[in-house]
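Two complexes, one shared chain (chain A), two partners (chain B, chain C).
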Partner chain A sequence: MYIHKIYCISPQQDPLQADIECINEPVDKKLLAVEPSYEHIPPGVLRRMGKSIRMGVGTALPLLDKINPVDGIIIGSANAGLDECVKFLIQIVDYDEGQLTPGNFVQSTGNVIAGQLGLISKNKGYNITHMHQGLAFENAVIDAIMQLNTNPAHSYLLGGVDEISPFHYNIETLNGAYKKEDISNKEIYQSNTPGCLPGEGAAMFVVSADKDAAIAKIKAIQTIHTDDVELVKQQLQLFLEKNNQDSDEIDLFISGENGDTRTLPFYEACETLLNTDTTVLRFKHLCGEYATASAIGLWYACQILQTQEIPPHLFKKNQQKKRTGIF
Partner chain B sequence: METAELKQQLKKQIIEFLNLISVKPEDIKDDEPLFGEGLGLDSIDSIELIVLLGREYGIEIKDPKEGRKVLTDINTMVAYIEEHRTK
Partner chain C sequence: MSKIFITGIGVISAIGNSVAENHEALKAGVCGIKKELDLFPSKYKGLMPFGQVPISNESLQNKLQVKEPGVTRTSMLALHAFNEAVRCSGITADDISSPETALIGANTVGGMCLTDELYHDANTSEAGSEYTHSYDCASVNLFLQKHNKMQGVINTINTACSSSANAIMYGAMLMQHGFAKRAIVGGTDSLAKFTINGFNALHILSSDLCTPFDESRKGLNLGEGAAFLVLEKEEDLNGKKVYAELTGYCNANDAYHPSSLSDEGDGPYLAMQGALKIADLTADKIDFINAHGTATENNDEVESRAMVRLFGTPPVFASTKGNIGHTLGAAGAIEAVYSILSLLNQEVYPSLHFKNAISSTGLIPVLEYKQMPVNHVMSNSFGFGGNCSSLIFSKA
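Showing the complex of A and B:
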């Protein structure tokens, strides 16, 4: 599967800000997305949208070409319209199932982002949303690959979107997901406490099986759900072998490390499989942690391939060498 | 409450209920149509406005024809509120 167009909304004005002194820091312990003016969304539609819907639609519309429309829309979102759903449920309680407004209700479903995109762009093709929590975007990628295997002449809009909604933030805080102390994202990797910084954002891609003028190729994808560090390491080794990828051929490894001492061993175990010449990058100090942050990780990979420039603050291990660009 | 004061309050409530981000109360003219031209509201907004009348003024509108007349502009809404409000 080849990636042809990319766009994102992130907590940074410039998503790949070169100077660490210029990056936006958390507000009230949250890395909140910097939203654009959404010129592509009709004002009457925009005012009814919740944040994740605005971000998803606002990221996708600049990529949708009226002359060469995509054949389908595939979105990954762990929560999608959950915040609107909660607002509607609160109305039901507050007004004793009486006078309820439809605005929150019509935006409260999981498929609201893909649905709105289908309506606004008049796209009547394949339209689906994957909501498998932390694997939502990965499942969307797998779906896009499967669709392209079946329909090699098609192209798809593929994306991942999630917001920090008050409800989700409270639940995850109670679950111990986030740092209790105030910490700057500039120092997140030096932290020795559990928890991460919550973030939000959206990243969208136009993908097809056509390699002409592509930005990048997704050669293979595999997901695993386990708390066993050794199993993760074994699976990554098998993944590399299965896809005929010698670890010393990999120029760059983009890690999802997020400053949480509980998950650090998983990322470190993966790094032990890499050749000593492989450069290691981290990006979650820019976007924070959220279920579909891997989508913006993919955006960073594409952007780095396009520009061949890496801001210094992304390096965990800098072994830059001019090779083929296998991430 | 004086009519002028009620008009101002209603405009603020409409902006808040319908999330009219870029609209200020002074942008809404008293005799300007709320739907189609003017403020450019649509059918979902009409339900939101009927809920607004219920929650804020205790007014229940059951007849759609009556609703269309009431929701013509700020003047018609305020006249109806002054006549039928229960809170």
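Showing the complex of A and C:
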């Protein structure tokens, strides 16, 4: 599967800001997305959209070409519509199940971003939403690969979107997901405390089986959901053996490390399987942590492959290694 | 491409706790929809009929030996159907926990059946309830995964009321594209104050029993339930019993309105047409259509029109929404099980509460239980966001 177009909305004005001194910091312990003016969305429609729908649609529309429309829309979003759900819930409680307005309910369905995109772009093709928390975007990628295997002449819009909604933030705070202390994203990897810094954003891609003029190729993907570090290591080892027979091939490892001491052992275990000179990058200080942050991770990978430039603050290890541009 | 077979089925609904009980009820034309609602306090209790599964949460906990806190009704209904499906297929605990076994589940309410708890947890800064990990849709499948020590590809799909049809399709595709050797796929949803009030605000809930495809239909009844299917590849069967083959599937979008279908029914038409293409069948080979047939004014008219557009004279068709109500994210999977029962037993079940045909199409669903040759069944599921899916099951 080849990636042809990319676009994102993130907490940074320039998603890959070169100078760490210029990166946006959390406000009230949250890394909030810098939203554009959404000139592609009619103002009347925009007003009625919740934030994740707005970000999703606003990221997708610049990529959708009327002359060469995509054949389907594949979205990963763990919590799309959740904020609207709770708004509708508040109506139910406040008005004691009385006469309620259905707007929040209609926007509360998890498939609302893909549905809106189908509607706005008049796309009658494949349309699906994967909602499996931290693997929502990965399942969307797997889906796109399978759709393209079946229909090699097609192209698809592929994306990952999640927002920090007030209610989801509250529930995740109760779950102990976030850092208790007030901390700058510039120091997140040195925090040595449990919890992450919540972030949000949207990243979208146009993918096809056509390698001409592609930005990048997704060669292989594998997912695993477990709390066993050894199992992760074992599966990654098998994955590398299968897909990276020439072990020198990997120049960059983009780690999802997020400053949470509870998940650090998983990322460290992965690093032990790489060549000692493989460059290791981190990006969560830019976008914060959210279920589909891997989508923006893929955006960073594409951007780096395209520009062959990496801002210094992304390096964790082996900054000096000569890079060949094969990721 | 490998052929995909169904080797196990499990279902729980308002008309039965097992495949056998559902089968008997379908044959007898039993309606499980009643003006009863015991799960939570609601203004609509006694006023509107619901397809409630007649088992309390406590009984489900005991029956399923669920001891940990924070497990929702949505998850327990799912586990109930999951257990029956794997028992039925005979796959071992080792098979289930193999990294090559995928778990693909769908639902739309997740833990939102706990409306009041969610309201509390979304707004409190003090102690949360035991359910703070259980609200989102994925929590159901994470529970099933943990309960069964599963390691393969896991996913949660939400395309509103067509969710579990897409879960079945995604599971089959994972197997055909080398991401899984077998897949356990299905869907679940439980009744919730949230959905009752949502559909009511849209004025598409009927205060009487729903009447699919009837001229004077007044809307849908909400139901609840779950169904799971075990999918295995032809080359892995080794002579084991199979229930049906999944031969066709397609997902298309109506791209017309967030909560209703277009007059032309492009989404339903494209989904049905696409499924025929994958199955490599002509329309005349479909013996029976398990229609989406929610009994809303919009759905039944558009679905009828799309069937006429594709089939000319549509084959025998029926909706089971009159038996169990609309089970939302579970509907595609429950109706997959019902479609498979038609194939297995060479019979079709009566569509309930119908009186007069919709005047613009004149289509009449099957009204009596009857035995007939059934080789290919099409099952439709359409949802908010224009999400339309059709599956085709064939006699194995």
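Here is the rule we use: the second predicted complex is superposed on the first by the 315 of 327 C-alpha atoms of A that agree within 3 Å, B and C clash if a C-alpha of one lies under 4 Å from a C-alpha of the other, contacts with A are read in each partner's own complex, and residues count from 1 in each chain.
Note that a residue touches a chain if its C-beta (ideal position, glycine included) is under 8 Å from a C-beta of that chain, and two chains touch if they have at least 3 such contacts.
Source: prediction; values computed, not measured.
> With both structures placed on chain A, which of the two partners, chain B or chain C, ends up touching more residues of chain A?
C
> Could you tell me if A:106 is touching chain B, chain C, both of them or neither one (first, second, both, neither)?
Both partners, chain B and chain C.
> If we overlay the two complexes on their shared chain A, which of chain B and chain C does A:185 touch? Say first, second, both or neither.
Neither partner.
> For A:10 in the superposed arrangement: first (chain B), second (chain C), both or neither?
Neither chain B nor chain C is touched by A:10.
> So, does A:124 touch the first partner chain B, the second partner chain C, both, or neither?
second
> On the A-aligned overlay, A:114 touches which partner chain: chain B = first, chain C = second, or both, or neither?
second
> Which holds for A:278: it touches chain B only (first), chain C only (second), both, or neither?
In the superposition, A:278 touches no partner, neither chain B nor chain C.
> Quick one: classify A:48 as touching chain B (first), chain C (second), both or neither.
A:48 contacts chain B only, not chain C.
> Where on chain A do the contacts from chain B and from chain C line up?
Comparing the two interfaces on chain A, one with chain B and one with chain C, the shared residues are 99-102, 106.
> In the complex formed with chain A, which residues of chain C make contact?
My answer: residues 42-44, 99, 108, 112, 115-116, 118-119, 121-125, 127-128, 132-133, 135-138, 141-142, 145, 151, 153-160, 166, 170, 173-174, 176-177, 179, 193-194, 197-202, 251-259, 266-267, 270, 383-387.
> Of all residues in chain A, which touch chain B in the complex?
Of all residues in chain A, those touching chain B are 43-44, 46-48, 95, 98-103, 106.
> Touching chain C in the complex: which residues of chain A?
Residues 73, 78-79, 82, 85-86, 88-93, 96-97, 99-102, 105-112, 114-116, 118-119, 121-133, 135-136, 139, 142-143, 145-146, 149-150, 167-168, 170-171, 173-175, 223-226, 231, 235 of chain A touch chain C in their complex.
> Chain A touches which residues of chain B in the complex?
17-22, 40, 42, 44, 47-48, 51, 54-55
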